[in-house]
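Next up: the structures, one after another.
Here come two complexes built around chain A, the first alongside chain B, the second alongside chain C.
Let's look at the complex of A and B:
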């Protein structure tokens, strides 16, 4: 059985998903028959598979669910809030069981209480298959106990007149025969093809309800000889024994069914019970271990690196020996390898892509539960569920999205009363959208709630000492909004009991930036908030701008590069010892990348400055570099645990010349820049005395306390 | 006796299991279908000697599929693969012409016996 476990778990997962979606749909529309049917099917499928796998608890629970769903879909009972809650509780138990099967190899959750509730809900007896309580007489009792009613007697008398013999066919099914009622039906049906079944003991109705032990008898009128009758019945599966005897009412009273013509049907095992390995599959899909895909991606990464090196060597050779036929051929070949590598890379990346629905599909339930607990009415809409994303990216954005949705419910959407007072519909709308934009994925979490309360953000930021009043005065609304991303920030007076874990907006931003994405917030008082996440398609390979600083080469993710500018020394101004330039009416702080990375003291070089305008979210910073090397695809390699977390560096890559280049973490660099400036200013113990319109999002210092246990507050300001 | 079988079930898991059992015992699974509609199409195209038919499936359930199959191909040999609690549906299927049934979770030997008899 174990060879099926993976398939089983996969499918249970899918069915659980269907149940979840279905139950939520049911909650919206209590009368959706289609949904009831699909719910029934899902419960049914799990029941069958889990029973086959020997997961008896799961099977019992889904059986109970199926019973209730069956009544609902037949209209014998109606959907109520209570029913929906019960089904959701069952769903949770199923999920838990599935996890338990994964971890412990068996279910641990006891479904008894839920099953009892389901049975009460169904107002039904224990299902027939659980065993019938009535104990009809055994075979011999039955044979002699047959007493015919008037109708049957009359038919038999008539038959006797026509010379047709009545037989009594006594049948025993194998012990534990599944659906013996149906077997009885099949026996009856088979005999009816050979004659007429006049009566039965127990009655046809009792047979159907399986109200018999293992034996039942039929009175049959037939021209056929007894052997024929016997063989016909014996050919039916699960029939252990058949006895055919001429029937005479008075004889049968005291004579037991004669054993003369009893046929025993053997049930010997036939063939091995386990399937061999390597059975052919007709399916057009293959399930592949994710690790294997990762490994493949790594190999392709290596190939990409070599391709880049090959191109470089080629160029050098071409420069050295002009018009050499061999070099031309090498060039051609390496170009071809380049194309193939690109194609290979694209294909493997595709294979690693999953629809974001994998992640999204768990949200409706979560939002529903949150809304219920918060006493809010929320309509949750999702778009772009089919958008595909690298699975590692999907894993990384799970927590941030959960947090954003929780914020939207807890802090964004108002209570129904508040909403009505504000002239909005009582039911709030939360929208989750995913879409493809060029080389990135954009996910938007949007609510039509009260928006972020900027006054409270200001108050909180001041109270926490994150900014000075002067700084606040100079900040635009957008910049004040951005304060919620500061570590430790939260204006939520209380966290909802569902929040669970302490992640704040700073963690959201960190998580997203760590994978090369960005976060932006747009909010309007009274009308709602929109959070926009921009994510890379994959984490394995990215396009980067290579720059040189001193001896080293650094890669800047292209997504964080806005533009490259050359600045003359006289264009550089200093505000509070901070070098800035004016870029299209905007003040842009500039810093030497070498200084920021701690390579030198941070003095700007003499002469013209080469400045890369790096952007993360809504923050910008001009990074002064020594050289521009070019744009190139880089394969991201982790720095490894021995180097650990190096501030401002997110990884490494191998360059065309075989040397290692460091990949810059732009989001982090921008914060580091802001932090160092803040520190300087604090050292000045001063409030800036100039009134120049510095872009405050760049000068906001942030608290350096980052001990893990410190952030207990959750949520951002509303 | 070897024979060609069409396995109809909406659960990949059940299909894989049934298929393994059959293959291991000398039968040839010539096709699979995940619902009744597909079963009809596949039957038409493959003309298997036997069909194992799940009951609860999307699109078209197994009982309806049996009815339609039998009306078009009166010689079709179909075994129902039922779950517990579906007595009435199994009866319907047999009335419609299904040869036999097994109940999940089924005993492998019983299943093979049903297959053998239905083919015989």
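Let's look at the complex of A and C:
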């Protein structure tokens, strides 16, 4: 049954999600009938499928929820804050049970107390003539045929897709038959030889305990024709009658009378449940282990490396033997392999993509709880939940997003009184938006709260000794805002138990930059704050600029390269011993990359300087390198646990010649540069903004060296 | 069969023996993943001195330690006998540069004595014991300590 367990868990997850959304919606509007109906259906679905899978605690709990919800939707009881809290408590228990089923194979959480509370809730404000809650739905009309639960229906639909016929086999044993439990067992076993028994009425357990009168039904999947099934069963001793009926979707309706298929909102392509017969526009899906996808991605990574190596060999050959036909052919073939590898990579990447809703769906509840704790009223809106990105990226942004949302609730949104005083509605709004933007994903966390108090940021930064007064004076508001990203910075005067835990915006920025993303803040006093995260689609592969320093090769993420310039020695000026150049009227500090990495003393080489303008957030730095190697795709590898955190290095990659190249962490490098410079001169005179005598440097148009003809030439400039 | 080898395991240890400076060292064969020839190593900026860098082990990037530097032995030249012993000490996979790999040998447990400072030039902390095989001394390394001892401090100091 394990393959069904996965289906079951999936389904329970879906329904839990629906419950969560529903309960939160119910909290906003106590009278929303639609929500009550959908909650009832979700509880009912879990009840059915968990019972079918033998998870009795889960099914008891959902049964209790269903009873309460049933009374609520019928108007026999009313929704109160208490009820909502109780439902949320049940939801937490359900979530815990689901995890326990995954980890331990069974539920561990004891729902008895919750069930007792649900029952007490059920008894409350019962009208005098309260006789209606006795029969749980689903059992009532067994005579009409079998009511399939959502889980069984799903299996049957799947089976139908694969051409396996679902049948309902109804068996009547002879009256007074001794040991009818054994008969039921024999029937089940006989049918299992011809196909698969996926369910029964009553349940297998009840059958075993002989808790049925004379008839029972089995749900069977089989390739055999109905007669064969019938004859096989009929040949068993003490069987009075057998009925084999093909199962049809439209037969099954839930007690609401509406086809259940309509009530399911699934992220998967729809099965035939919606499409009428004959219209088989069905996307078939296969469940694949995530590890297998990772493995595939690794293999493609290797392929990418080899492809790059092939291109390199090809070029070397072409240099050695001019115009050889074989080399041309090799070139063509390797180019073709390149295209196919690209395509393969894109496809696998697509397969690894998940809707960001996987992550977002946790937030409404979290924001609600936080707002409640903080005594604030918050409306939480989410957009772009279907936006897809790589699983690994989703994992990496979870903590930063949680932090940003906590910040928004704790520090952004004001108390209702404050808001009213400021002429705003008492209820604050927090928006979470995700969208695609070219080759990245943009996530925006936005609140309409009080905004960041720049005066306080300034005071704090001064007090912490992060900046000098003169520096502050020269800073734009935007630059001051970005001070919150400095380590150790937190503007909260009172630290609440949620956001004042020592993790601040610097951690958010570090986490995001570590995966090649960027963070920006826009804020306006009194009207709100917007934090914009820009993220790569995947963490497995990125485009990078390869540069050579000494014997080593380093990769700079293309996202942090603004341009490449060649500077004549006379264009370099020194301000406070810091080498700078003037780039389009802007002073750019330049440093030798080798020096920054501690590979040498940091002297700038003689002669013309090759300088990569690296950018992170609003900061720029000119990195002087020895060689430009080119732009190419690099497969990102970890440096491993042993080396741990290497300052300025975010990872490694395998180069075309098989050697290891290091990937630079530009944000960290800029910070390291500023740190080493700033230590002595922090409160000193800063760098003047403009020096008229300096001449702008020549911009070297930068050519893509890899794969001639496949990509366009690029000159970097933003 | 199984119980037989169990008994055997208790009676003797299987070691990969390698040469470093003037001594023969041994590490538990179970920890040795493979032995490869010296190859081009990519230096890691600001890493502790004994960390030679990283190499590409069939698509996996692993750090490589120079054991001579690790043990403060005189620096030697890399020759064509120089090998990288790739050891796996979960969660780490690390390469160790040694002068030469001599053999795989079995050492009876009773031939192993606790380490004594007199025997080796290497800090006793890194040693698990000293084995006597015929007229030879085999110094048994405590790989876990070799990898982790004091490194934490040094690695932390490096990553300011």
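Here, the second predicted complex is superposed on the first by the 508 of 718 C-alpha atoms of A that agree within 3 Å, B and C clash if a C-alpha of one lies under 4 Å from a C-alpha of the other, contacts with A are read in each partner's own complex, and residues count from 1 in each chain.
The criterion applied here is as follows: contacts are C-beta pairs under 8 Å (C-beta built on N, C-alpha and C of every residue); 3 or more make two chains touch, one makes a residue touch a chain.
Since we're looking at a predicted model, the values are computed, not measured.
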Which partner, chain B or chain C, touches more chain A residues: B
Partner chain(s) touched by A:659 [first = chain B, second = chain C, both, neither]: second
Partner chain in contact with A:235 - chain B first, chain C second, else both or neither: first
Chain B versus chain C as contact partner of A:41, first or second or both or neither: first
Which of chain B and chain C A:646 touches, first, second, both or neither: second
Partner chain in contact with A:569 - chain B first, chain C second, else both or neither: neither
Which of chain B and chain C A:67 touches, first, second, both or neither: first
Contacts on chain A seen with chain B and repeated with chain C across the two complexes: none
In the complex, chain B residues that touch chain A: 10-14, 16-17, 19-21, 23-26, 29, 31-32, 56-58, 82-85, 87, 90-91, 94-95, 100-106, 108-110, 112-114, 116-117
Footprint of chain A on chain C - complex, ascending: 40, 42-47, 51, 53-56, 59-63, 91-94, 147, 155, 158-160
Residues of chain A touching chain B in the complex: 4, 7-8, 10-11, 38, 40-41, 44-45, 47-49, 51-54, 63, 66-67, 127-129, 178-179, 181-182, 185-186, 189, 208, 210, 235-238, 267-276, 279-283
Complex contacts: residues of chain A adjacent to chain C: 298, 301-302, 305, 551-552, 597-599, 637-649, 652, 654, 658-662
